[in-house]
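Take this structure, written in structure tokens, and hold onto it; I'll ask about it next.
Chains here go by letter, A, B, C and D, matching the order in which they are written, and residues are numbered from 1 within each.
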Amino acid sequence: MTIKQELKDVQNLYDERGIDIQKVGIKNVELPLIIQRKNDDDQYVYAKAQVSVNLHKNYKGTHMSRFMEILNTWSQKHLLSTDTKGFLTEIQKKLAASSAEVELTFKYFIKKTAPISKISSQQGYECSFKGVLENKKYTFYLGVKVPITTLCPCSKEISQYSAHNQRAIITVNISYPEDRHIWIEDLIKLIEKHGSCEIYPLLKRRDEKYVTEKAYNNPKFVEDVTRDIVLELRKNETITEFEIEVESFESIHNHSAWAYQKEIKNGVEKRKNYSMITYNL
Amino acid sequence: MTIKQELKDVQNLYDERGIDIQKVGIKNVELPLIIQRKNDDDQYVYAKAQVSVNLHKNYKGTHMSRFMEILNTWSQKHLLSTDTKGFLTEIQKKLAASSAEVELTFKYFIKKTAPISKISSQQGYECSFKGVLENKKYTFYLGVKVPITTLCPCSKEISQYSAHNQRAIITVNISYPEDRHIWIEDLIKLIEKHGSCEIYPLLKRRDEKYVTEKAYNNPKFVEDVTRDIVLELRKNETITEFEIEVESFESIHNHSAWAYQKEIKNGVEKRKNYSMITYNL
Amino acid sequence: MTIKQELKDVQNLYDERGIDIQKVGIKNVELPLIIQRKNDDDQYVYAKAQVSVNLHKNYKGTHMSRFMEILNTWSQKHLLSTDTKGFLTEIQKKLAASSAEVELTFKYFIKKTAPISKISSQQGYECSFKGVLENKKYTFYLGVKVPITTLCPCSKEISQYSAHNQRAIITVNISYPEDRHIWIEDLIKLIEKHGSCEIYPLLKRRDEKYVTEKAYNNPKFVEDVTRDIVLELRKNETITEFEIEVESFESIHNHSAWAYQKEIKNGVEKRKNYSMITYNL
Amino acid sequence: MTIKQELKDVQNLYDERGIDIQKVGIKNVELPLIIQRKNDDDQYVYAKAQVSVNLHKNYKGTHMSRFMEILNTWSQKHLLSTDTKGFLTEIQKKLAASSAEVELTFKYFIKKTAPISKISSQQGYECSFKGVLENKKYTFYLGVKVPITTLCPCSKEISQYSAHNQRAIITVNISYPEDRHIWIEDLIKLIEKHGSCEIYPLLKRRDEKYVTEKAYNNPKFVEDVTRDIVLELRKNETITEFEIEVESFESIHNHSAWAYQKEIKNGVEKRKNYSMITYNL
């Protein structure tokens, strides 16, 4: 065998199967990212990224290393999280694709102030940015996971005293038009108040008394939390579509109670090849 | 306080918010399940279940304990995995709902025979059954995750010798009409052959030589694996829709390469409120 | 290049580095397993296995496929879970090793009867069998994870009404002499009663009233649960050493409270090269 | 019922069971952390923390909120990662304990330069800091997880061409004296070179040719990687004890091959109540 002089571009070969592939890319990519905070300095986060493009039927493969090259450059320029559309436009161009998608998930920290003692601490929220570019149509999705307490209305009603309560997670994904903006901080604030009580990293005794009593005065099923957030998101005029899941890690069972709702507001065009996927993929 | 004599049905209260909820139920329920095997005895498996119904706007909550009661009965009668529609029909009726969904995921074991030594061993595959009942329209989805080896065509082409290879996972979900049946064993067989080489729990030295050389003779990108399975599933007349993901845990990177395709065959009516969800929910 | 006629045994080569390796083997092996139940039929489970031996400094490698061969045979003979020592003795012999270890983890289902309605349902418990053979010295460890409810004594004391409560997990590993036996069912029964209340898959309204009130009448910190189990395990004469962790998924925080204790009873010889490992390995 | 005027300190009550608890604290605490880099600016990371103290038999409970208060203050002062001993000394004092432990795990990014093209990209490594203070005796542990490629020597030897290869993870925990220091960057550099080849986030075609051929020229079992790192860590005079695990995600199987070694150098006093724990806790 002799050393190959030229490194052949195998991906560029003609493919005879005649199949356009909807998404091809990389996933579980770890990278540091800088997120713009509302009224504060930027926050450095550790993100997981997933990027893809469509692949035309004529080509054997996409050029995977270009995704990393572009991610790398945008991650260093601090623009990936603020100009998702610009990033996708470059991906689309450099990979000669008609559609491109990126999804970034990361833990984001926000100061929470204890209700009575007013001591503040940092709470981490799992967040996500998702951008989809189909030809020139761009859609952006913002996602947050917000831990809360739920206290069971049935348990309160039927018991002589107390009620079972537990940690629950509200997951919300929203979309809004390109010329509008919703801060992570503001979306969390909209949602967090709809549990039986909020959750805090640091509570002193007088705070603990407050949250215990507040949850008891405010019993909610997952159905109640879901409906209150549906009302909140319906009336927000910036939001064009939303998806909610509330999962409550029942303290009396080893399984969860959950509720789910997805709504697209009137007048919003539904995306043809919507990048959604069943639970068990 | 006096002891409450009657245990009030809080869930049954009238709800004033006027919001129909799309899905309410339980998830992460663990239960033993019995799966019918092709040409063999039944297999006992450990399953995770998720069940839900819609909730009419007039009611404050659904009756979560009824899901467990019905799951419990069907799990003991050994029918849950074989008569998913019957199970959903009972759920629909007992919870006075117009739609009902169930999803069961479990590890299923199939004998694999080493290619040369012919020694057999048990390989575990993550599988799922998903049933959706909307009024009287019933749809069933079968899902499997199949581990294979992929060997990189580019690495082989450009290198003087060898090529990087790695474990990859093919995830396939399919649907077929109510009056037809596809065995887990048969679906896995359709898919498994499309990697660079199959994976086996037990290989002797002469088998290891065979799989090493076979993978080298059969280099495939995730795009190649995806396209070959698309061709396979398109030509299968029983299958009405399918979804494929191929994820390759690259041995030269700490991230994955992946490809994705979803197709609904002509003439298949698209479901109105399709139970799909974004990756990061 | 010509085809190699003989398949050389590379593992058997002499190693010049002069290093005895403490453990070499396979892990994350999936296999079906049959567990003997107390007063009942056997239970089929899905197990994850980890097996290892020591490797003498003279040899380049161990023969990994032999682990699978022996696991395979013992899994089919239904003896792996009941004669762990016999399995390790064969491993030790066939791999020419002086020490051998196996660990099997699996979900095991036990019927639980609701406290008032007496309806029964299946609850899954994560369990483990671990056997260690060092020359001829054999030690066996039984592990269980038991979900319970904890209700906070501080929250109850300081609040005018109610108290925060949540799901918690008790993990217990015990050891006992070769000529004694403790059933999984019995170990779980010893532990489960020490929470504020037990957890059940299926509860009707009158049961829910009972568990809500019982937990309120029985408030416990993770420290309380730990101490009560320490007392229980100290007084059990069969048990020679134990390890306890109680982790409570606080409903008012997004983190856990936990407590940990490990005790080896007097007269029990401590193992020289104890197979323990730090949390973050 | 009247409002309780004083909020009683329940934790401070006398406990009659007479049991000293070895560890009580909080875990799965999320917090932003600042890590000092070698020859570079600090790096902001997202950490998971676990903190504990011992609890004297006279007291019913520890004061969990104090852990968060102190974590909070040290996290903001940017000292938690650089003065772990100072942090533990404060914990010990404010919780009136004789022993205290903290463990921080986080993803840390280091620039990697592709071998031929010299393009640089950021690779994330899971790292951990663990500090243990028993009375006045302080011990510090540094942990890293390093992904590499392993190429099987047996597969290479017996096959006419190619060899199976795959991603593997090397986990190393080390300890060194209080007056010495080892940078994360330096520990990773010591370890990373001992795979068949290093792993990179971004590789161009000429790099891919290089890593493919390098791995083939450098076949290694998990036993080989382990022994080479044992030699490396034995000869490093700063390191007083170490623990290594190498796990290789076999591309021809659905399970892993692994090797493990733990060594404490001569003259190092073994800790009485060593904070190690079995795999399945």
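Note that in this section a residue touches a chain if its C-beta (ideal position, glycine included) is under 8 Å from a C-beta of that chain, and two chains touch if they have at least 3 such contacts.
Quantities reported herein were computed from a predicted structural model and do not represent experimental measurements.
Using the mean of the Cα atoms as each chain's centre, the chain most removed from subunit D is B.
By count of C-beta pairs in contact, A-B exceeds the other of the chain pairs B-C and A-B. Mean C-alpha position of subunit B lies 35 Å from that of subunit D. Centres computed as Cα averages put subunit B at a distance of 29 Å from subunit C. Remark: subunit A and subunit B have CA centroids separated by 23 Å (rounded to whole angstrom).
Shared interface positions of subunit A, defined as residues touching 2 or more other chains, are 7, 29-30, 123-124, 154, 158, 160-161, 201, 203, 205, 209, 254-255.
Shown here, the protein chains touch in all possible pairs. The residues of subunit A lying in touch with subunit B in their complex are 1, 3-4, 7-8, 10-11, 15, 17, 19, 21-30, 50, 52, 55, 60-62, 64, 103, 105, 128, 130, 141, 143, 153-154, 157-158, 160-161, 171, 173, 221-224, 226-228, 230-231, 243, 245, 247, 254-262, 274-281. For subunit C in complex with subunit A, the residues that touch the partner chain are 123-124, 147, 149, 151-152, 154-155, 158-167, 197, 199-201, 203, 205, 208-209, 211-213, 215-216, 249-255.
Subunit B meets subunit C in the complex at residues 7, 9, 29-32, 43-46, 65, 68-69, 72, 75, 106-107, 109, 119, 121-124, 201-206, 209.
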